[in-house]
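Some structures to go through are shown next.
Here subunit A shows up in two complexes: once beside subunit B, once beside subunit C.
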Partner chain A sequence: MATNKGRTSSFSRNFSAAPTSSILGLKYGPNGTIFLSSGVPDLDKILGGGFHLGSLVMIMEDTEAPHHMLLLRNFMSQGLVHNQPILYASPSTNPRAFLGTLPTTLVSKDDRSHNADAEQKDLRIAWQYKKYLGENKPHIEERDGKVEYCNEFDLRKPIEKHLIMGNRVECISLLDCSSLAGFRDSCSKFLSQLPRYDGNITSAGRIAIQSLCAPQCEYFDKDWDMLSFIRSLKSMVRSSNAVAFLTFPASLVSPSVSKRWQHLADTLLSVKAIPDEDKELANLLTGYQDMLGLLSVHKVARFNTQVPVILDATTYSIKLQKRRSLVLECLNQAPVDGSSGSSYGTSGSCSGSSKTGTLDF
Partner chain B sequence: MADAICRVLRDGALEGEHATSLTINDSVDSPFGPIVFDYIFTQLSSFISSGKSQSRGIVLVAFSRSPSFTVELLKSRGIDIATTHEWLRILDCYTDPLGWKERLKERGAIKTPSTEASLIVNLCKDVRNLDGLFSLIIALGKGLVGEGKSRFSVAIDSVSEMLRHTSLSSVASLLSNARSHAQISSVFWLHHFDLHDMKTNAAFEYMSSMVANVKPLATATNVLRENSENLSLLEQNYKRGQFHASLKRRNGRVRIMCEEFSIGQSLVKFTSMSARKNETAQSLVPKVQFNLQLSDKERSDRAKVVLPFEHQETEKSVQIYDGRKSETEGKYDSSTEKLQKQEDSRRGEIIYFRDSDDEMPDSDEDPDDDLDI
Partner chain C sequence: MDRPASLLDEALSLDDGDSNNLRPWRGRVVLVEDCVETNGAFVLHHLIKRFISPNLSSSDSVVIFVAFAQPFSHYDRILRKMGCNLAVQRENKRLIFFDMLMLECPDDGVEGGIIALYGNIQKAVEVVSSLNKNVTIMIDDISLLEVAANGSTKDVLDFMHYCHTLTTQFGCTIITVIHEDIYSSGDQFTLPLQMEHLADIKIKAEPLVTGLAADVHGQLTVLNKGRSDGLGRWKSKIRNFHYRVKENSVDYFYPGGRS
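Up next is the complex of A and B:
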């Protein structure tokens, strides 16, 4: 259907069968691409719709903080809510135990409360105007019983049992793979049930790999084996209806190898820890007390186009809204009080230990 | 602050969490890692023996020092060794790590004096088999605290020694198995980080929830210089040093602490450090929106830029002020006037071309009338 507002190209795609895609949890994007939700509404917005179907997403972990687990949990929960097959691999002896820590969808009575607050403010603070303009359009497209594209997740409550039972999630322990060949075969078997044709999509799947180069794995020092595995995973995923989500601690491999890993990614994000009770950072940024960490977007996948994505900002702060759902916010510099030279940042209590379910360090 | 670390080890891990783990890093510049290890070990032992900690026993895997040393150490710190068999086990990987003495004894080549059978010491004869070592540790721990929910702690004297015999990934898998074991409440180990490459050090940091670095007080850059200052610095490094610790908190933030310590009579004393400026803030955060701060260089450059201005409503001609007094230029010359360049600095230039030289500035029209506020 051709739209008159804001054409980005001279060609307009004849979209068909939009309802089926919403059942599967997919969305059509520009240039003939299809999006899969990441499970974090803010991240979908930053990336322009979500993860491209057929792409390889990599998260560079920070060894000092487990923020990549938040993204991983949301990603997997979103897949379960949309009934998409999931393959999960991690370097623990019992990966299935992790499924119990996945969050459930947020049942929000006061929907989008932060938007409502914005409207009621009669004094608009100009230097943070971006927060109040434009983004008020709700992300939720349909609400009466139909499937939402991207859910908000409540990290304090575990997911409903019936979603993780059965064979919906295939769990593999990376400790069992002495070389990655066996793991590659499992991935290829999983992806063979999701081939890509030109016709309608019947199903879409997700592969989630946690800490691929963890030191306790036997293949840890085999750099080239790991690189060739990632390359073959990328090519398998490209020809199927799936998204591969991979996290790795970048500081554990040598810098040149880490660069090669990063180049293989279609979408590359990284998370970073922030020091606690750091007065300088508290003076520099607003909302420091609520921040858990920082998320940086290094690369955004672009399929079927040569036009790159230019983001307004590449670093966002990771916060828990009301201690339960993950939000990403732009970094804003705290206003500097001219007289004293220090900022009037919030004087609240420290965030303390916010329980976000079981975290593994 | 070192006491803060001991408290975290004492409190252990919550249900479902990995065990807290501590790496103590030292190097040849400040080789006090073993002393710090002993300090933490004795603190934790006193917590355990008095029942104040989550774990009810501790298993020490001794690679670099003999078990009798540990017993002497506990005695000297005032811990009652009569009761040690209730809460301490030592896995002796120091006496005969590769089983050579055993083999020589079998052949009758050597006669060893009868080793005193101690309740608390168990001998390990093959440290290359880390699976066996791990099951020995678990067996000793369970022997201490029994089955069920009670927990014990594990201390490894020098993981660097372990790495001599086995690969990094097997040591890493032993440590991660220890951390994920339901009955282990905390693990800590000593690591000489200058003996290993970067990947190894990064791997140990990855697996620990706390990292403690023992550093020299001030790094002497040129040791060979016959400078009395440097020598006294070096002397100081033999007795004192810095203790940096970073703790990973449950909310995902990292707490960084700094202390000084001094060694006297093989006892270590921790004192708080003079405050240092923490420079991580600026490096951590990239260019933030509305960063209106100017660096000094930017400020000075801005001061040097000369802007052209035009006089309106007066008869004066267009002037470009370039710092020289009594300069009157013609209209057309001024548009191509270049600023006087100084030899030592690069200044910004503003080359001003008027749209049309015919147009006179409208003096009666206020250009701000177009704005609709």
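Up next is the complex of A and C:
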């Protein structure tokens, strides 16, 4: 009996040892990598756990709509909730004011039912990630314990002041930077203050850069300066425990430079608004009315492995659940008449290639 | 080797006659082209393993690896899964690794960056060649070298031409990666054209036109320009096949030929 007991207890000890990483808002991934949450639970699931620590995440903006800001806000809020130092840079005159618009964590009375609801949805959306769902479960159950790996955020309410005041948040206006060298120094200073990785990570940092190549910045026309900035940012982040999150309007730089940017990204996403009155699209997709926009996953970071991550779908719809929390869903294609659907016959195949057309699912 | 040579080895003529003989590879330039959707780095991993795996009878080959894209730990972990320990090989002096992640060449300071890098490579090649060993120079990747050189294509081309002289002088092999889609936007770019001209073997990784799938990760087109066989005939062959990348190896198969 005694041995039996010992065995069970050792088993449970192992089990409880696993979530210790979640206290820091970090999670161990495959191949000796560590994940950090993106702040959008669905995006974490799509990417297989979150953003890799040490990766450079790039979002290609839609120039006509600010959907990238939704992702950026959640990314920063999640960092604040986890007490992670943040460096935020944007081409506005007063970047600190942006912190007031960050969403707060979603705590509601119907928490449980909502959660169960969300979980069911996850199963439906991302049934192929069952293995990751299993990993998530202990964290979700630990709700009232300490800190969750990933929170949901209420986009309607601003984040509590004490979280902004209590954390190390540096704000930099890109308008003040006449060249990127100064900004790079700020980044490397920020990263050097993070505790180094020594097998036992205590904290992680987040760098959020909004619209790096905005035309109002002085360095806008210096393609190579921007490229070498991104390259050195990438190598700096890679050797520290931080994630750099960078949005850029891809259409503002020349196509070949844009490709270079995309090659530099470890994880590459793009957002796109959907027009309000696109009848053809409305017929094609179910739930078109609730959609805010589309998110495409072009590249998923792969550290320490050569196997590419192949997702079942590369395009997801961005929706607001109950008008406050951000959810990503697979596109559901409504049945199309064989005769009328001919125009979509080429692009409507279940392909992940971005070559086939503007829309792919 | 027990298992049959893969389609890639065959297309690269790595299995000509004695599979362990790397003679035909001496003095060659190999260019790997890839794009955002399909990363061609796995070809590089495969070739590293081929050139420094210990069971190679001509174990006198040394790889000089110039890394712009990834840190050493990344390559080390991947190659370890493939059964090749880079850390040990580095200590055995079979692998000379240049970590160039932080290489910067300010506007007019190319001397400090690229020229110094070339100097180091040349020194290493001279030392290794004096020991009568085969040298392979791998550069991952040229597009990033261009960024490091602050967009000075001329300097990059000079660098590549200098490296190319090493192939004739010391008979070493050069293997490089270039992101081909960067240069496909219509403008005239000299870099990819000149690189293709230099290359004896071109390996192009691209996604399937029907998109990415879970069991076919893309297709490889191998253009082996070959060499004159002395009778004035030019043997050149082009191969096309699909591949699927796995942790410890890559499956190659003909389109539709997957069992």
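Definition applied: the second predicted complex is superposed on the first by the 278 of 361 C-alpha atoms of A that agree within 3 Å, B and C clash if a C-alpha of one lies under 4 Å from a C-alpha of the other, contacts with A are read in each partner's own complex, and residues count from 1 in each chain.
Basically, a contact is a pair of C-beta atoms (placed from the backbone, for glycine too) under 8 Å apart; a residue touches a chain by one contact, two chains touch by 3 or more.
Bear in mind that the values here come from a model prediction, so they are computed numbers and not experimental data.
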Could you say whether A:N332 touches subunit B, subunit C, both of them, or neither, answering first, second, both or neither?
first
Of the two partners subunit B and subunit C, more of subunit A gets touched by chain B
Given the touch rule stated above, what does A:A273 touch, subunit B (first), subunit C (second), both, or neither?
first
First (subunit B), second (subunit C), both or neither touched by A:G32
second
Name the contact category of A:P66: first (subunit B only), second (subunit C only), both, or neither.
first
Give one of first, second, both or neither to describe whether A:C177 is in contact with subunit B, with subunit C, with both, or with none.
neither
Regarding the shared-chain residue A:L294, is it in contact with subunit B (first), subunit C (second), both, or neither?
first
A:S254 in the overlay: touching subunit B, subunit C, both, or neither? Say first, second, both or neither.
both
Scan A:R231 for contacts with subunit B and subunit C and give back first, second, both or neither.
second
For subunit A, give the residues common to its interface with subunit B and its interface with subunit C.
254, 351-356, 360
In the complex with subunit A, residue positions of subunit B that touch it:
14, 16-18, 20, 167-169, 172-173, 175-177, 180, 198-199, 202-203, 205-207, 209, 246, 248-256, 278, 280-282, 284-286, 288-292
Subunit C touches which residues of subunit A in the complex?
31-32, 223-225, 227-228, 231-232, 235, 238-239, 254-256, 259-260, 262-264, 268, 298-299, 303-308, 310, 349-356, 360
Would you tell me which residues of subunit A are touching subunit B in their complex?
63-67, 91-93, 127, 175, 214-218, 220-221, 249, 251-254, 272-281, 284-285, 292-294, 296, 313-315, 330-333, 351-356, 358-361
What does subunit C use to touch subunit A in their complex?
36-39, 41-42, 45, 71, 73-74, 77-78, 81, 101-102, 104, 143-144, 147-148, 150-151, 179, 181-185, 187, 189, 207-214, 217, 245-247
